[in-house]
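Going in written order, the chains are labelled A, B, C, D, E and F, and every chain counts its residues from 1.
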Amino acid sequence: MPVSPAKTALVVSAHSADFVWRAGGAIALHASRGYQVHIVCLSFGERGESAKLWRKGNMTEATVKAARREEAQAAADILGASVEFFDLGDYPLQITQEHLLRLADVYRRVQPAFVLSHSLKDPYNYDHPRAMDLAQEARIIAQAEGYKPGEQIVAAPPVYAFEPHQPEQCGWCPDVFLDITEVWAKKYAAIQCMAGQEHLWEYYTRVALQRGVQAKRNIGITAAKHIQYAEGFQSVFPRVTEELA
Amino acid sequence: MPVSPAKTALVVSAHSADFVWRAGGAIALHASRGYQVHIVCLSFGERGESAKLWRKGNMTEATVKAARREEAQAAADILGASVEFFDLGDYPLQITQEHLLRLADVYRRVQPAFVLSHSLKDPYNYDHPRAMDLAQEARIIAQAEGYKPGEQIVAAPPVYAFEPHQPEQCGWCPDVFLDITEVWAKKYAAIQCMAGQEHLWEYYTRVALQRGVQAKRNIGITAAKHIQYAEGFQSVFPRVTEELA
Amino acid sequence: MPVSPAKTALVVSAHSADFVWRAGGAIALHASRGYQVHIVCLSFGERGESAKLWRKGNMTEATVKAARREEAQAAADILGASVEFFDLGDYPLQITQEHLLRLADVYRRVQPAFVLSHSLKDPYNYDHPRAMDLAQEARIIAQAEGYKPGEQIVAAPPVYAFEPHQPEQCGWCPDVFLDITEVWAKKYAAIQCMAGQEHLWEYYTRVALQRGVQAKRNIGITAAKHIQYAEGFQSVFPRVTEELA
Amino acid sequence: MPVSPAKTALVVSAHSADFVWRAGGAIALHASRGYQVHIVCLSFGERGESAKLWRKGNMTEATVKAARREEAQAAADILGASVEFFDLGDYPLQITQEHLLRLADVYRRVQPAFVLSHSLKDPYNYDHPRAMDLAQEARIIAQAEGYKPGEQIVAAPPVYAFEPHQPEQCGWCPDVFLDITEVWAKKYAAIQCMAGQEHLWEYYTRVALQRGVQAKRNIGITAAKHIQYAEGFQSVFPRVTEELA
Amino acid sequence: MPVSPAKTALVVSAHSADFVWRAGGAIALHASRGYQVHIVCLSFGERGESAKLWRKGNMTEATVKAARREEAQAAADILGASVEFFDLGDYPLQITQEHLLRLADVYRRVQPAFVLSHSLKDPYNYDHPRAMDLAQEARIIAQAEGYKPGEQIVAAPPVYAFEPHQPEQCGWCPDVFLDITEVWAKKYAAIQCMAGQEHLWEYYTRVALQRGVQAKRNIGITAAKHIQYAEGFQSVFPRVTEELA
Amino acid sequence: MPVSPAKTALVVSAHSADFVWRAGGAIALHASRGYQVHIVCLSFGERGESAKLWRKGNMTEATVKAARREEAQAAADILGASVEFFDLGDYPLQITQEHLLRLADVYRRVQPAFVLSHSLKDPYNYDHPRAMDLAQEARIIAQAEGYKPGEQIVAAPPVYAFEPHQPEQCGWCPDVFLDITEVWAKKYAAIQCMAGQEHLWEYYTRVALQRGVQAKRNIGITAAKHIQYAEGFQSVFPRVTEELA
């Protein structure tokens, strides 16, 4: 592009840990290159993704949420991103038109160069596609001159679906691999903030290694640098480019 | 990519005019940036795409082929690319294993940074997907160390399907738009070499204008330069990138 | 499975007769093997599937519902299952979050070993996929430790879509055939309870015969017993097995 | 069909200009053959499709809506159709059950022989598939004897999705081409009523020309009359016919 | 269409009985309306669809073929169509380029107003999609002016896939229902010619009844005549029309 | 099933190592339960999957093939299966009708209770879907009474596609998970026979661990035994069952 895009990005995460497993590398990598990455956590995942916390006993919804908020904030700090919490409740996410417009306002404020959210389908977790739908519709509204006329509208930032837990069952297919080798240590540190989901640490380490191998299989040149860890993303929209190599 | 890829490209065209309508802009654009673009025309389209020539009367297969070769060579010259003709016959393309290996050898010689060919499905033209299949399988063979061991194998250059005549019926969906505004004059000049298919000149001008409008709708930044003409492409493989904006 | 699953099953039926046409054989078969099968009828189908009753004249919504309830209860009795009615109204089904949690509570109570509901798409009947969505999301909530912490959560029971009225138009494809020959008489008796929809009796008899023929075509062994009647189902989730034969 | 269908049609348009770009030819053609075509505009597109009006300055939502209503009415007059406005608001369309039943009542009143609305998917515009869903579900309710018993129900009129702005990205594929050459002048005159969207005039002229070329490529007989302009439609339901030619 | 199409049709049948089960109604109906329907049987189905004949004992390939030819000829006579046999062998169909051109020549000779063949996919029978591919590619060649220049080329007759044995498993979805009630007796008489496949008689009777019920569910007008038997077809190409009702 | 199926299985592997990575666990598990598992290696993968061997230098096609045969035989021995080599050449697999019938004869001899082969699509490796196509068509021929009449035909054994290297890109989605924890040591020992592809050892160990985690997420009962390693498979055909739990 002749004009350099704003160095900002927006991540819409259904529950407070999703952005770590699924996009922690992309966040850390772009942050390390000067991007201001902003994360919106729609819920704390207090019902659906806090099993270990509840099993501790003596927990209330408030204490679970507080623990989850702390973990997410710590992870965002490590990755170098800002984070805000909509606290909509999970299982199910309880979204009204007010939240849609609130997220549209975040788009207007952030003016993201790209957007990350969930897969369009997930039979294991209905909150995930709901979050993606919200992210997409809020973008559409933020693009409209007739919404809060006079404000700076957003352009057409690319939207990517990050990796769900069981990719094939979600009809998710990566068409972009991002080399995250140089920020892997940060991602793994952020992962370790998720004390309540320790069973996933090694799972997502293996995901990153597998995607790294696959990325190497799709590089167009033989002398490419070594890729060890990668993240996969699926584009929602076509991209505009000036070179096909 | 840290190492700059070879500035070469390969175009596999079922009939001798396909590369003009469907990828003339991409060819001219990359040629203008120093790419050596090489075109393989599998056939002259003597049966299927030379109706106007045949209607002239007094034509033989040989004279039709000669006329089509001349047109294709002139178009390639204008676009700035080299071209070679496999002369396999069309309707149907008559492909044997010998041609598959011959094309693999072209891959080895050209070492393309990217590859363009037809859509994977085309109910109006069985030669088109057959050409794409050949392009893909030849790439696979050229990647194998055990094929002519000792030769320089090829890496994993991205492969794109260029636009078929009736895109929706072919299940083709562009995920990349290439801005070809700056080389449109060359593409239109190349199009005009196709004297036998004048009915398609305006059709493909309109295609370029429509894709130009659509490209503008998918740009992530508001201050983007003006795009008037574009070509659409569909990726076969995921791409590896270092930035998502 | 080394541990035998609970012998319970849950059927979520949009209207009060759907479970008969689409899953009556599965219900009767499992009931005959000791399963406690529980049916939730979300509505009585008073608007959409009671044409014959309305045509009688002198009917009110209340009398139509009462007639439909009676038919459904009689059918469930014949099949050997329990049934409960949510009475949400049909055309459209009017579902709120309260009903979602109510169904999640049914999951917790029943602890089903498998679940049956509608196809994921049905252009002829929007209530049907809505019922399936509800069945799936209620399952997800019932699996979450953070929903009513301390209660026994449910595992991951397989979910099957039973056969819609026009299967191809609904994108429904059976990946399981269940031999219902031995309980066909019960299913047909249950079908006959649906006095208001007599035009469907022979239609669904033929469906069972066709699926029977198809089941025979997919048996891995030549000496299989005779299958005359079958029901088809489409799995939503992968299954876990210990043998592939 | 042995009995000639009612010569009426229903068009459900998300925003007040959609029916012009996407179905203006079909409307004018059928009107010219004696059909009473009725258009329902669910919103004025005041937020999402009135950028040029807002840029004029000194506009309020009320003045934008009034301008859009005037344009739409003028276009409908030219095409020969009646139009009514639900004024539900756009970006997002705000649909409740009340509107669903209101549209069902329109079906009952109009008794359409066919129905036109939006594509089932549109990642650029969530209002569009929402309008189609409403159109489909209202049709289902209008077919039910139990909805307002005693009224004349509707049969199963074919439903077509008209062309979205970026067809491939919407998964839209035309299976019907309608020759609109004889009413093109009317469609273009109606297009010109849309003063606020002048950038689309030539875009949709080119769409009509491209679809015209494609229509000619799909005619079963060689002596067909000349088609210059066409519109494409995608069927939602199978059609019933008495001849396959 | 302003010019009435040639009243001819072409049916391409992989094995000698396919045309009866899958398209016997369409053949009889069009024949009864003055169409010259021509059937090409690519093979006799001597290996794959003659189990009962082989079980008789004392059979050779020649005697099986002769029996199958006789049955097919008798069925064609009843339906009112001409038939020719390519005798390519089955399981697998053994197709060369010579047969492709031979079938293209049939197209040139017949100049069909429409074409019927198999589904594009059939995991139970690889000969079926192979026959459809042949039918489609031969059509493409017959359309080309450069194939046997000077001959009358064919236009773009619609191609339909008739119903396979297990429709959902073949990804086949009918988008056209043809009312065959008035010729059902002829179809059933033709079916009875297939002495070797008596187990299919009732199966395909039920198919016709089910499709009849479904056809009635998709009629746009309430006063439609009674449909009892129907056949379903899936279009390969878009159709061109002058009216959407 | 009332009659227990033959305890035999057939694996069709395009190259000599595929069966190890993709189905080694299934082979070892069934072998350990008394199944006679027979593997057909269509080629040695001498061109496409022997890069490390070729890099050693001083290799000929014959020596590479010999090394690959030895590795495959050793792996089959560890897994407890018999193996035979068709030696058709790879990149591309060179299949004729003779090989199709040869494989049909293997089906007749083995009478498999189930069949394993490759995914139906693989843009990285055209030999893989070609092998699956061969496996499926040979099964069809082996089912036909008219092929070598008098021989014992095969029934309809289920066919499964085992996991390709980049599953999402191959459109492969597992609908069955097989717990291979108890035979993992054997599978890993067989993997280690593949000296020429050491870079894949850890890759496929991670695949097994990921599928193990996913399998646990899809178990219908809470008290299930621990699954650590699993293999995923995609069914080609519907299965016939007598219980849905």
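Here is the rule we go by: a contact is a pair of C-beta atoms (placed from the backbone, for glycine too) under 8 Å apart; a residue touches a chain by one contact, two chains touch by 3 or more.
Only a predicted model underlies this, so the values are computations on that prediction, with no experimental measurement involved.
**Student:** Higher C-beta contact count, A-D or C-F?
**Tutor:** Result of the comparison of A-D and C-F: C-F.
**Student:** Can you tell me which chain lies farthest from chain C, using the average of the Cα atoms as each chain's centre?
**Tutor:** B
**Student:** Tell me whether chain C and chain D, two copies of the same sequence, contact each other through the same residue numbers or different ones, using over half shared as the line for same.
**Tutor:** different
**Student:** Could you pull out the chain whose C-alpha mean position is farthest off from that of chain D?
**Tutor:** Chain F.
**Student:** How many angstrom lie between the centres of chain B and chain E, each centre taken as the mean Cα position?
**Tutor:** Roughly 37 Å separates the two chain centres.
**Student:** Could you say which residues in chain C touch two or more other chains, in rising order?
**Tutor:** 124, 169, 174, 214, 217, 237-238
**Student:** Could you list each pair of chains that touch, in label order?
**Tutor:** Pairs flagged as touching, ordered by label: A-B, A-C, A-D, A-F, B-D, B-E, B-F, C-D, C-E, C-F, D-E, E-F.
**Student:** Could you pull out which chain B residues touch chain A in their complex?
**Tutor:** 1-3, 5-7, 9, 26, 29-30, 33, 35, 113-114, 116, 153-158, 160, 174-179, 214-215, 217-225, 227, 230, 232-233, 235, 237-245
**Student:** So in the complex, the part of chain D that touches chain A is made up of which residues?
**Tutor:** 46-51, 54-55, 59, 61, 64, 91-92, 94, 123-126, 169
**Student:** In their shared complex, at which residues does chain F touch chain A?
**Tutor:** Residue positions touching the partner: 124, 165-169, 171-174, 202-203, 206-207, 209-210, 213-214, 217.
**Student:** Quick one: in the complex, what on chain A touches chain D?
**Tutor:** 97, 100, 133, 136-137, 140-141, 144-147, 149, 236-238
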